Amino acid sequence: MAGNTFGKFFKITTFGESHGPALGVVIDGCPAGLPLSVEDIRPYMERRRPGQNARTTARKEADEVEILSGVFEGKTTGTPIAMIVRNTDQHSKDYSELAHVFRPGHADYGFYQKYGFRDYRGGGRSSGRETLARVAGGAVAQKVLSELGITVDAEVTEIAGIDVTTEAGREAAEEKVLEVKEEQDSVGGVVTCFVNNMPTGIGEPVFDKLDARLSQAVMSIGAVKAVEIGDGVKASKSRGSEDNDGFEAVLLPDEEPDSAEDDEDPYQDGGYEAFEVTSNHAGGILGGMSDGAEIVIRAYFKPTPSIAKPQKTANENGDNITLSIKGRHDPTVVERANVVVECMVAITILDALLENMGARMDYLKEIYPNE
Amino acid sequence: MAGNTFGKFFKITTFGESHGPALGVVIDGCPAGLPLSVEDIRPYMERRRPGQNARTTARKEADEVEILSGVFEGKTTGTPIAMIVRNTDQHSKDYSELAHVFRPGHADYGFYQKYGFRDYRGGGRSSGRETLARVAGGAVAQKVLSELGITVDAEVTEIAGIDVTTEAGREAAEEKVLEVKEEQDSVGGVVTCFVNNMPTGIGEPVFDKLDARLSQAVMSIGAVKAVEIGDGVKASKSRGSEDNDGFEAVLLPDEEPDSAEDDEDPYQDGGYEAFEVTSNHAGGILGGMSDGAEIVIRAYFKPTPSIAKPQKTANENGDNITLSIKGRHDPTVVERANVVVECMVAITILDALLENMGARMDYLKEIYPNE
Amino acid sequence: MAGNTFGKFFKITTFGESHGPALGVVIDGCPAGLPLSVEDIRPYMERRRPGQNARTTARKEADEVEILSGVFEGKTTGTPIAMIVRNTDQHSKDYSELAHVFRPGHADYGFYQKYGFRDYRGGGRSSGRETLARVAGGAVAQKVLSELGITVDAEVTEIAGIDVTTEAGREAAEEKVLEVKEEQDSVGGVVTCFVNNMPTGIGEPVFDKLDARLSQAVMSIGAVKAVEIGDGVKASKSRGSEDNDGFEAVLLPDEEPDSAEDDEDPYQDGGYEAFEVTSNHAGGILGGMSDGAEIVIRAYFKPTPSIAKPQKTANENGDNITLSIKGRHDPTVVERANVVVECMVAITILDALLENMGARMDYLKEIYPNE
Amino acid sequence: MAGNTFGKFFKITTFGESHGPALGVVIDGCPAGLPLSVEDIRPYMERRRPGQNARTTARKEADEVEILSGVFEGKTTGTPIAMIVRNTDQHSKDYSELAHVFRPGHADYGFYQKYGFRDYRGGGRSSGRETLARVAGGAVAQKVLSELGITVDAEVTEIAGIDVTTEAGREAAEEKVLEVKEEQDSVGGVVTCFVNNMPTGIGEPVFDKLDARLSQAVMSIGAVKAVEIGDGVKASKSRGSEDNDGFEAVLLPDEEPDSAEDDEDPYQDGGYEAFEVTSNHAGGILGGMSDGAEIVIRAYFKPTPSIAKPQKTANENGDNITLSIKGRHDPTVVERANVVVECMVAITILDALLENMGARMDYLKEIYPNE
């Protein structure tokens, strides 16, 4: 029962259906003293808005976030932060046509079997709109991480099997998407997320490995069908001697040079040692813990399941029918899902950082000095 | 803060280092009344034993499981089931050589950074032996599932990039592995797990999607770097019209035919309708819930990181060194990790089934009839 | 971090400050198919409204609940049920006087120490208004329980040390409260809660004993300082031979009499055996599990800490001051806290019932028949 | 299902029946770097041993704890600490007489109803021996707390209704207990637990109030029927003006006097302000958070339910019988339960301290400085 809460320490609980009164999120466990306002959330919401280009849907959605609690005089207070987004067009449509149909590639049949009936209005709880709440929560996590100097960035790296990290790739993909759209069909894609300036040793060594929790976080986004860390699938085809990331002791400059001479040769005696991996096949995570390298996680999205092209399926009455799903649907979800991946990763990273705070006796003594 | 418990309803908590006194598992939430003895656990333990063929290590490990609690007169009592396996050769070796080295591709550096020091004996908590406890827990989950008619089976499907589901493939892979072993190197591989006879609608629609939890379960196994559900990566390159699984209403024969005539034409009036997907690109899970098709999950393992081939790395003192890891290490982990994947999947499936028991008012009324 | 979620299966997450935009609750884990509307919530909200009699405050609060999600066509869908109550008078007051004062008997100092600063408007998260969200959640739990035939009822049994279960007692207490109000002081009281028609064996035998979880539930209500189950404190002063509740095998009439004759002597051969306790010192819970008797739990409330009578205390600046708290405060909280106790007990009882659904293999087989 | 884990951050999972092979505990979340050996556990185990005086049973139990994991070179490693105690006399007795009887005041009937059958050997999971595992876990929590300068001490304050905090009281109680023992009966008592040098602001303001969690912790100990914080029941009978604890700003001496002059008048300009409550009716907890005063919690135990005095009850066959429970049973449990209360309180306090570590942005920045 349940499963609408993610995180163990920075916990988001989301709610809402695509055509109910509102969607929202309650964040429990956000540290007190973080400057926060709706302005911090809005840019993230904008990134998942439809209608940004020819490849995404043209719908207009306001999606104004309202903060209901947990912020006072511009700062988080330590109490739960609740945010809601009203559904403005909730009564505008007739859903009777899809009410009792099991759309191919959708959750309809699952809901019907699980609960005995379902909220059939526009995808209900499994609508893409559900991710609004994740993004609102993730925006807060991003704000906390930014205060710690940690960055989380996701980008679309592949559309319809085409690498879009180059200009040529982007053009080819754009053409392909328009062509597919014309055919009333859809395509999938890949989002890659990068975490930088991550402290080391974060993540718990067994079931709550950092990569394991990132996998749940990312796979829980609708339409994701595979998750990779670092080299991922490729690692399974390589050799140990190629895949292993070795460590190197490096001499870092002293933070506070004692004198001007020090500046000339920072490594001489003011330097201290640190360790770096000399390659990054592991994607920044070894044994479930961050190793100081850039964390790289890849999410593979299936094509948008809602297509106008006629498909065979069945309805609740047991009739086998042919279905053509009308409406403005993105021919690919990745461009809007991008920010969702980023937000889920940010939440997971922050959660792991909080979990790690009790890992050592010296941390406890730092926070609770015995005076 | 932890992370040594997996599952929310059928919960396993594991403990133990490879060279401490013992490893073990506590299962909390196993339903009462399940026939259970050490005989149910042993076959699973055997499957992860080394020394089974030329490709796995020749070490002898007894790995006898002892049940400490939760079973009475051959049946589970509903109280926690604790099981331990003693480490018999815990003092037999000198680990001083590896004590302060950061082995490439291992968790050593992570532990050192996380806790400030580490149990350096043979991998400690990140040793492959840790999976013993998962397997003991998974064997119990398998027993419960078998009573419900649900099967979970994992098999090695790829080694060193070679498809081993055919006899030719297996031979080619065996040759390749021996060659790699000769070179003191290692290779990766793929394990695929199948779940059959699964009830529909199992899994929670948002963060605790069945595939999301399976991803955490499988990615939490050491050396796994990618997880796929159904078509996985391939789905990201296909079209909606290809990838979508349609539903079909099918007429099943009546369970209890009223008369002999019925038998001749079972579908006539005694039949009832059911739904089946007409393809299975989704791997048995749509919208995070089981759709009745076979669940297919794939785990991609990196090559065994412990290799004798010399590698460059560093030690805690800040020395950059060249390391050759001695000892009997499997040139590939997949053949022994196979059963671990199966066990983690079984635990996750059972956990989701238990979670789903409170999903509907009619289930509550069935268990708690108001008389 | 956190602590704003209660329950493990029927989970309520609450949010909101007394003078922020809104308070609310998200219920995750409510079974699907429960008829539910705002009409089911309203009577519970009414019971905690102020201004009901001379002994409670005269403030007017609308406290209209809005359901934001999880209900479709009059029934719960299995997805999270979010409900909010707007704070209508949030900007109406000047709190500067109390902004930096540590009110005696309040949470002010704790918040200040915990988070470094606090939302000082009217008690913030520790205001009595916080219980609104608990009551909204509890009303839903009550609805589920009523469908299972289980009743949970709380009543005020003592005010200012006077037993108010008799008419004479109520009159004496009313007089006492008015007298105390006159003196700008306040009094405490006791709420007793009764659960009837409870299935047996509910509650988990060790840490999650039914009485242990009820204790947390009730002690988490502001101003409660002691919790008793059954005879409670008195049991500690009695003897085993007096306190032990024995069992008796009783013959119940057959449910479906075979014939008219059966009705004349229902016990004859159609009867079946059941067990009943012959006394109820334990308050319906033995070894942490329900024993079939009426569950009795008592909550002891301290006097309302906000009093106009001058008190010595300090402020954040380190000034020792004399404080007189103005405003309309109830001279005793029990009359409005009554429904809060009932709601917290209902949530706990339902949670335990859901947890128990996976306790036995035969329950699993009932819900998941292997056909 | 479940309920054998306590704590959210410092988590203990216990297992074992009184007459199975062993009892034990797995601690997950113990900070790394704590010096720990069996010697730290033993004194706590000794305190709950029987046979310490005339009032407790004469049984001999070795109860030697073995640490199976999580400790390396005398320090905790951050991984789970598993400890077991073997049951040495597990096969020594014939339990057939009690096998199908519902002992008055025991969990027998609950187990029978919950699971359909039960491990009837000596109380099974509900035996007093279950607390061995709590004590082993609590001893570790005590060690952590002692490193932070926090003390947790429990003592028996009442036996058979007699205050035993005075010498006269102790003598009267001893006499009473011997008298009751003679009559084959038993008595209850009270254990009071004190926490000192507690940091302020610990505990979460809503459902996880420090007192709420302490209540669950203490009420989960077998035979506890009431829990009080501070004045407890008495507070419900007093007035706000009496019960409220005011704050006082006090000037503390400067920690590092700048000069010798400072020493002569430590308060002059080197002093800093702190706050103290001027009374402690609240028992050190206000609004669910510690207020700096001594935390006082009281546990009321019912009389030992196992008595030789004949009692009426029933058995599983539906026979109404008269039962006399043979064997060596303590006439009162409080003297051995004392350390159990202390241990459960210590675990709860430590858990709350760990939870609080993520409460503030400045704590995060302290642990994760952005360099």
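Chains: A, B, C and D, in written order; residue numbering restarts at 1 for each.
As a convention for this text, a residue touches a chain if its C-beta (ideal position, glycine included) is under 8 Å from a C-beta of that chain, and two chains touch if they have at least 3 such contacts.
It should be emphasised that the depicted structure is a prediction, and the values quoted were computed from it without experimental measurement.
Asks: Could you tell me which chains make contact with chain A and chain D both?
Replies: B, C
Asks: By mean C-alpha coordinates, which chain is most distant from chain A?
Replies: Computed centres place D farthest from chain A.
Asks: Contact counts by the stated rule: is the higher one at A-B or A-C?
Replies: More C-beta contacts join the chains of A-B.
Asks: Would you mind pulling out the distance in Å between where the CA atoms of chain A average out and where those of chain B do?
Replies: Chain centroid spacing, chain A to chain B, equals 25 Å.
Asks: Compute the distance, rounded to whole Å, between the mean C-alpha positions of chain A and chain C.
Replies: 38
Asks: Hey, what residues on chain A touch two or more of the other chains?
Replies: In chain A, 1-5, 9-10, 14, 29, 31-33, 78-79, 111, 114-116, 125, 205, 354, 356-360, 362 touch at least two other chains.
Asks: Taking the complex as given, what residues does chain D use to touch chain B?
Replies: 1-5, 9, 11, 13-17, 20-24, 26, 28-29, 32-33, 66-70, 72, 75, 77-82, 84, 111, 114-119, 121, 124-125, 354
Asks: Quick one: which bits of chain A touch chain B in the complex? Just the residue numbers, please.
Replies: Per the stated touch rule, the residues are 1-6, 14, 102, 104-116, 125-126, 130, 158, 160-161, 180, 185-190, 200-209, 211-220, 222, 225-233, 235-249, 273, 275, 278, 281-283, 286-292, 300-307, 309, 311-315, 318-320, 355-360, 362.
Asks: Contact residues on chain A for chain D in the complex?
Replies: 9-10, 29, 31-34, 78-79, 144, 147-149, 197, 199, 205, 255, 353-354, 356-368, 370-371
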